[in-house]
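Shared chain: subunit A. Partners: subunit B in the first complex, subunit C in the second.
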Partner chain A sequence: MVKGLEDRLFNALVYAVLVFCALLAIFPILYVISVSITPFGEVLRNGGFILIPRDVTLTAYKTLLTQSNLPQAFKVTVLITVVGTAINLVLTGLMAYPLSRKNLPGRRLVLLMIVFTLIFSGGLIPTYLIVKSVGLIDSIWAMILPNAIWSFNVLIMKSFFEGLPEELFESARIDGAKEFRILFQIVTPLSIPVIMTIGLFYLVGHWNEFFQAIFYVTDRTLFPLQVIVREILMQSQQPLENADNITPTQTLQMASVMIASLPVLVVYPFIQKYFTKGMLLGSIKG
Partner chain B sequence: MALAALRKYWPFYVMLLPGVLFYLIFRYFPMYGMVIAFKDFSMMDGILHSPWANPWYKHFETFYQSPYFGELLRNTLLISLYKLVWGTIPPILLALLLNECRIRWLRSIVQTLTYMPHFLSWVIIFGILIALFSQNGGIVNRWIVEAGGSSYPFLTSTHTFRSVLVGSEVWQNLGWGAIIYLAAIAGIDPTLYEAARVDGASRLRMIWHITIPGIRSVIVLLFILKLGHLLDAGFDQIYILYNIQVYPVADILDTWVYRTGLQQLNFSLASAVGLFKSLIGMVLVLFANNVAKRWGEGIW
Partner chain C sequence: MSSNAIKRTSALLTSLALLGAAVSACGGSKEGGNASPSPSSTQTASATGSASASPRASGNAGKKIKLEVIETGNNLPAPDQDIIKKELDKALNVDFNLTVYASGDDYKNQLNVRMASGNFPDLFALDRQQLIEFSKQGLLLDLTPYMDRLKQVSEFIGEENVKKGAVDGKVYAISKSSQIPYNTYFIRKDWLESLNLQVPKTIEELKKVAVAFTNDDPDKNGKKDTFGLTGGELNGAFAPVFGAFGVGSPGSIYEKDGKLVNALYDPAMKDALAYIKDLIATGAVDPELLANTALQHQEKAFKGQAGIVWIDWPNMTKQNMIEQIKAVNPNAEWIQMEPPAGPAGKFDGSWEIGNTPGRYAIPKALEKDPEKLQRVFDLLNYVSDPKGGSLLVQFGVEGTHYTKDGDKIVMTDKAGEVGYSWLYQFTGRPEMSYLQTKFVPQADFIKFANDQPRIQTLNGFVDLPEGYIASDADRYIKEELAKFAYGQRDLGEYDKFLKTLETTMKYKLFMDAAQAQLTALGYGSK
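Right, the complex of A and B next:
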């Protein structure tokens, strides 16, 4: 009997802490949403705390979508996300497949070349000079090519390919299939899970693109979403008088944060399991 | 021999070509470009033709003798260590709790919600921090004022900025960091729990005597591997969150290299510091991997 009580207390404690963790994760985001849609007057009247606003206003969003660089930046981000992810996947796959063939002469050398970049890098300045000297500065490609392949992803994909049954390749070769056809028509369809996982990591990487833009791009029309949002966030706060008539800085700031994160937040719950899988693949084999 | 291999395997080499080119251009040319740490680089002359520095260690000496050296190194190591210390335990605790959770839907909701911050960019998290902690308009400060206190500049004060860095990092990685421990827990032999249950062990005792020992090697392994990255205090995060008021406590090697190189165009000095960091970083990673390997399983 005592045991049952103890068990229930223990459970209650576990659930309480877990719920607290979940709230800790979600509360800041809910708060950002509510600030972005609440008329500022109401925020002030309530001492600053509103989770479910009584009045909803989308003025901040309208202002941002009509009077700022955000729509242009949104287009840039979508472009580098789509084109970039496609290039990432093709290059990663093309590299991982030969490396999964254990008897390929020179395989170890290429692997060494990849792994070495995980522990040593030329650093920011020399990389900048190279990007500059190949003429990528101020182009969309500066945000795509310098990080076109992530070494970890090559290693993950390689080990996935290594797990495919050898007979598959042999029978295809006996049938006279060329290696490119084997890769694209036999290996690729069987590798959808790993392609999804890796593709999603690349995708989020591009969506959150910030630093390559800061490093290599000065043309404002090429700035991606995150760069513009940070600019909006850096604007200092305006005084809080007359709050009912203007859309205050903070409301605009939070609306810009929502515009930049909404796609990730909406899609995320549906694709979460792929990420989790990828995380484990990476930690075991990487 | 080589020719025969080429004839037999040529499609594979064609496949490798774009990737190898990528690595040569964007990863290995920059390593060669590091020579400008030993040169007086000018854009006009380029990497190749810029004159050698005299003496060759000039830029390293400049850095070593500058007041930045101590400050940058201290900030880098302190921020890294704080993150390591504060960031290790919470994900382990969360994993233990998730493992004890008997309600499946609760478990999966908690997982989904706590993993999510990992996918938010630092710019987004910066926005969240402004909403919560900025001096005018941040909700925490409004609470403080309402309670009769005076507002505090959490995001621009040298006293609180490192806590903001560590706290936001812990927040971002709480759930994501737990995944690997959950996997390790799933690998524990279930008969151990059966035996303990028969012996009448409480759940707390089972956690203490079975679960934690079962994942101890993973905990130590991850800790060692993180030690290898001690010089990476988090450039992305710090660059996006910091401001000129907090440079004394937040400026790290990477952020200084960025400002000195790409903003003040002092390429050689910045490269020298970058090279210094890359080399020590490599030694640390190799050392950490070596220790980890001896501990049981290396990462390669």
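Right, the complex of A and C next:
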């Protein structure tokens, strides 16, 4: 296919812009990776900026994995993420599916209640009181159950289910399927994109768990990754008040950032193909 | 859809919700006792990390009690690796649960939520503002009637520090014992030598050296990539310069010729600003000075970009810092210098004597639990006992982390294991002997920094009046002073700046309050 000069120029421009954007995203990550595997003296000698590491060492990672609270926090975060996401998906799905059926009695009222929570919330202290009164304080569940369902995700899932053709349900019913069979054998397989997308939302949310941990948990062994990583980063950003304080080097800080973000970074590409599909959900109503 | 199916779905949903509730209830009673009132759950909660201590301690003073303490801090190890916690558990028959928050803001949020919801920790750190607020709300225990049970504490921190925890004459908090100043100018000795210069003795010489460091290529690399002076923002970099003019750091209040003076109203303030403006105009000052919020100035010094920096000795002379400096340039050598002399003599910045490095309060609710309250008192007395617990929270376990040589304490090479022990120093420590023991190679730096004359400021004694918003005023002061220093606003307008500060920022309120409160304490009446 022969293209005009104008077309090719246009394409080149598009590519240039895209490459530029990609670089914008890649540079910071590359910087973090490079600093995390370079001895700190080397970093300083280069004026604090290194993109291509020459002198590679993994001591920072070794230090973090053996001498800090990171490994324990990592376990906590993995647990929260796996258990939490599973609970999220089951509950969100079970909430969204009935609401997507137009003949559900009281559907409008329930939907209204869900939308209401999107706009108004009880605030921090009432929420804390509830979490406290059900005895969740200082337990791992305090980081999972208060956010077991995000109303926004319910709405996204609901509109996806609504987009499934009605004929599917009819034919399934004619074949003798009951509601549960329809949900688990017809709807669920067809909903992989939305499940993946919402699952990723939840997963990232749990992985970045911070505020609930800060508020509801005081047991150090239950602190998730981000709390510990923030602690490591904060130490060097506060003016020294105590001679005993040991400031972690930049190398150590960057290594902790890598440990915290690498797993999600690795998961992303595999879910991405669903992601683009799922992100468009709700933008067109069927 | 049949109505039957709907019923089933809703039944499933309900049962799931119930399941959730059940699971959460289990989690609560298994993991954390402090929220639930039942004593049995508190017992099981103490299992982690303190199992080793329980059989020995249960014999002496009644049952084991869980104590919860929160404060800011970092680097606390997990409870089962926390040697200090284990020792405290043993000594006091408690299950000690210390939680630290790295960021002051996070900590404040946590504390506010807990105070508001009635889920009080048994002992917690707080700042002066919170102390006033919480005590007015009746949330804090008035310690005045209990002072005879806290004898060890008041002896340890001294009468003046006891007063610092008082609001309207009632003691609501235990203040830590005072610290000593750490900061001085550090200067690159090898740069001075390479340019044949002497350590500057006056502010004029300081300017000369700073300019030479900038223009004469002190690192001999043929590039003009250095500058003279850096520090944390204006107040940091120029603290000794303000001192040379007899001025405290902007906004501070001090006695001068027997009268109370606010640095901003000090007539010498304008002279100091004029000198700083000149110095900045020579280009010898870190161009990013105002952005040096955390430790960027230290990094610049390490990188060999700056030759003079006003900073604390731990960040320049501790072993790991020396290693970093030498890694960049093996020839680099930093030395402390005395504050340069100016029209008013020499002062190495100002030093706040009204403040305390920290204070801890006990919730009023603990009144109803005398047994627990006694354990909190025991704890505070214990860490204040110079022959007992204080040694533990200062230096660790005798025989393991330190040894006694007569009266002298010598740290062993295992001392690093308890480097976090300062988190447990709820009543502070005898600062000088502590530092001299713990940082032997730095002993001279510590003494040098402590020996420098400083302007003693009194702001810590002043409770802010209502209607005065300190953060707004401080920001305005900082912005305008930066404009004066960088020549963006003419110094002739200085009085206009004060006027705006007094009216728009309500600084007058603060001034009046400070005057009244400090006079009542006996300052400024010589």
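As a convention for this text, the second predicted complex is superposed on the first by the 234 of 286 C-alpha atoms of A that agree within 3 Å, B and C clash if a C-alpha of one lies under 4 Å from a C-alpha of the other, contacts with A are read in each partner's own complex, and residues count from 1 in each chain.
Everything below uses one rule, namely that contacts are C-beta pairs under 8 Å (C-beta built on N, C-alpha and C of every residue); 3 or more make two chains touch, one makes a residue touch a chain.
A quick note: this is a predicted structure, and the numbers were derived from the prediction, not measured.
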Touching partner for A:98 - first (subunit B), second (subunit C), both, neither: both
Contacts of A:65 with subunit B and subunit C, given as first, second, both or neither: neither
Touched partner set for A:79, first subunit B, second subunit C, both or neither: neither
Contacts of A:235 with subunit B and subunit C, given as first, second, both or neither: second
First (subunit B), second (subunit C), both or neither touched by A:172: neither
Larger contact residue set on subunit A - subunit B or subunit C: B
Which of subunit B and subunit C A:219 touches, first, second, both or neither: second
Partner chain in contact with A:125 - subunit B first, subunit C second, else both or neither: both
First, second, both or neither for A:186, with subunit B first and subunit C second: neither
Partner chain(s) touched by A:141 [first = subunit B, second = subunit C, both, neither]: second
Interface residues of subunit A shared between complexes with subunit B and subunit C: 47-48, 91, 94-95, 98, 101, 104-105, 124-125, 128-129, 134, 145, 148, 178-180, 215, 230, 237, 240, 249
Residues on subunit A engaged by subunit C in the complex (per definition of touch): 39-42, 44-45, 47-48, 69, 72, 87, 90-91, 94-95, 98, 101, 103-105, 124-125, 128-129, 132, 134-142, 145, 148, 178-180, 214-215, 218-222, 230-232, 234-247, 249
Subunit C - residues contacting subunit A, complex: 1-2, 5-6, 8-10, 12-13, 16, 20-21, 23-25, 27-36, 48, 68, 70, 74-80, 97, 99, 101-104, 106, 109-110, 113-114, 116-117, 119, 121, 182, 232, 293-295, 299, 302-303, 312-315, 320, 323-324, 326-329, 357, 419-422, 435, 438-439
Complex contact set, residues of subunit A against subunit B: 6-7, 10-11, 14-15, 17-19, 21-22, 24-26, 28-29, 31-32, 35, 47-49, 91-92, 94-95, 97-99, 101, 104-106, 110, 113-115, 117, 119-131, 133-134, 145-149, 154, 178-180, 183, 204, 207-208, 210-211, 215, 226-227, 229-230, 233, 237, 240, 248-250, 253-254, 256-257, 260-261, 264-265, 268-269, 272, 275-276, 279-280, 283, 286
Complex contacts: residues of subunit B adjacent to subunit A: 2, 5, 9, 11-13, 15-16, 18-20, 22-23, 25-34, 36, 46-47, 94, 97-98, 100-103, 106-107, 109-117, 119-124, 126-128, 130-132, 134, 136-137, 139, 142-143, 146, 171, 174-176, 179-180, 183, 202-204, 236, 239-240, 254, 257-258, 261-262, 267, 270-271, 274-275, 277-278, 281-282, 285-286, 299-300
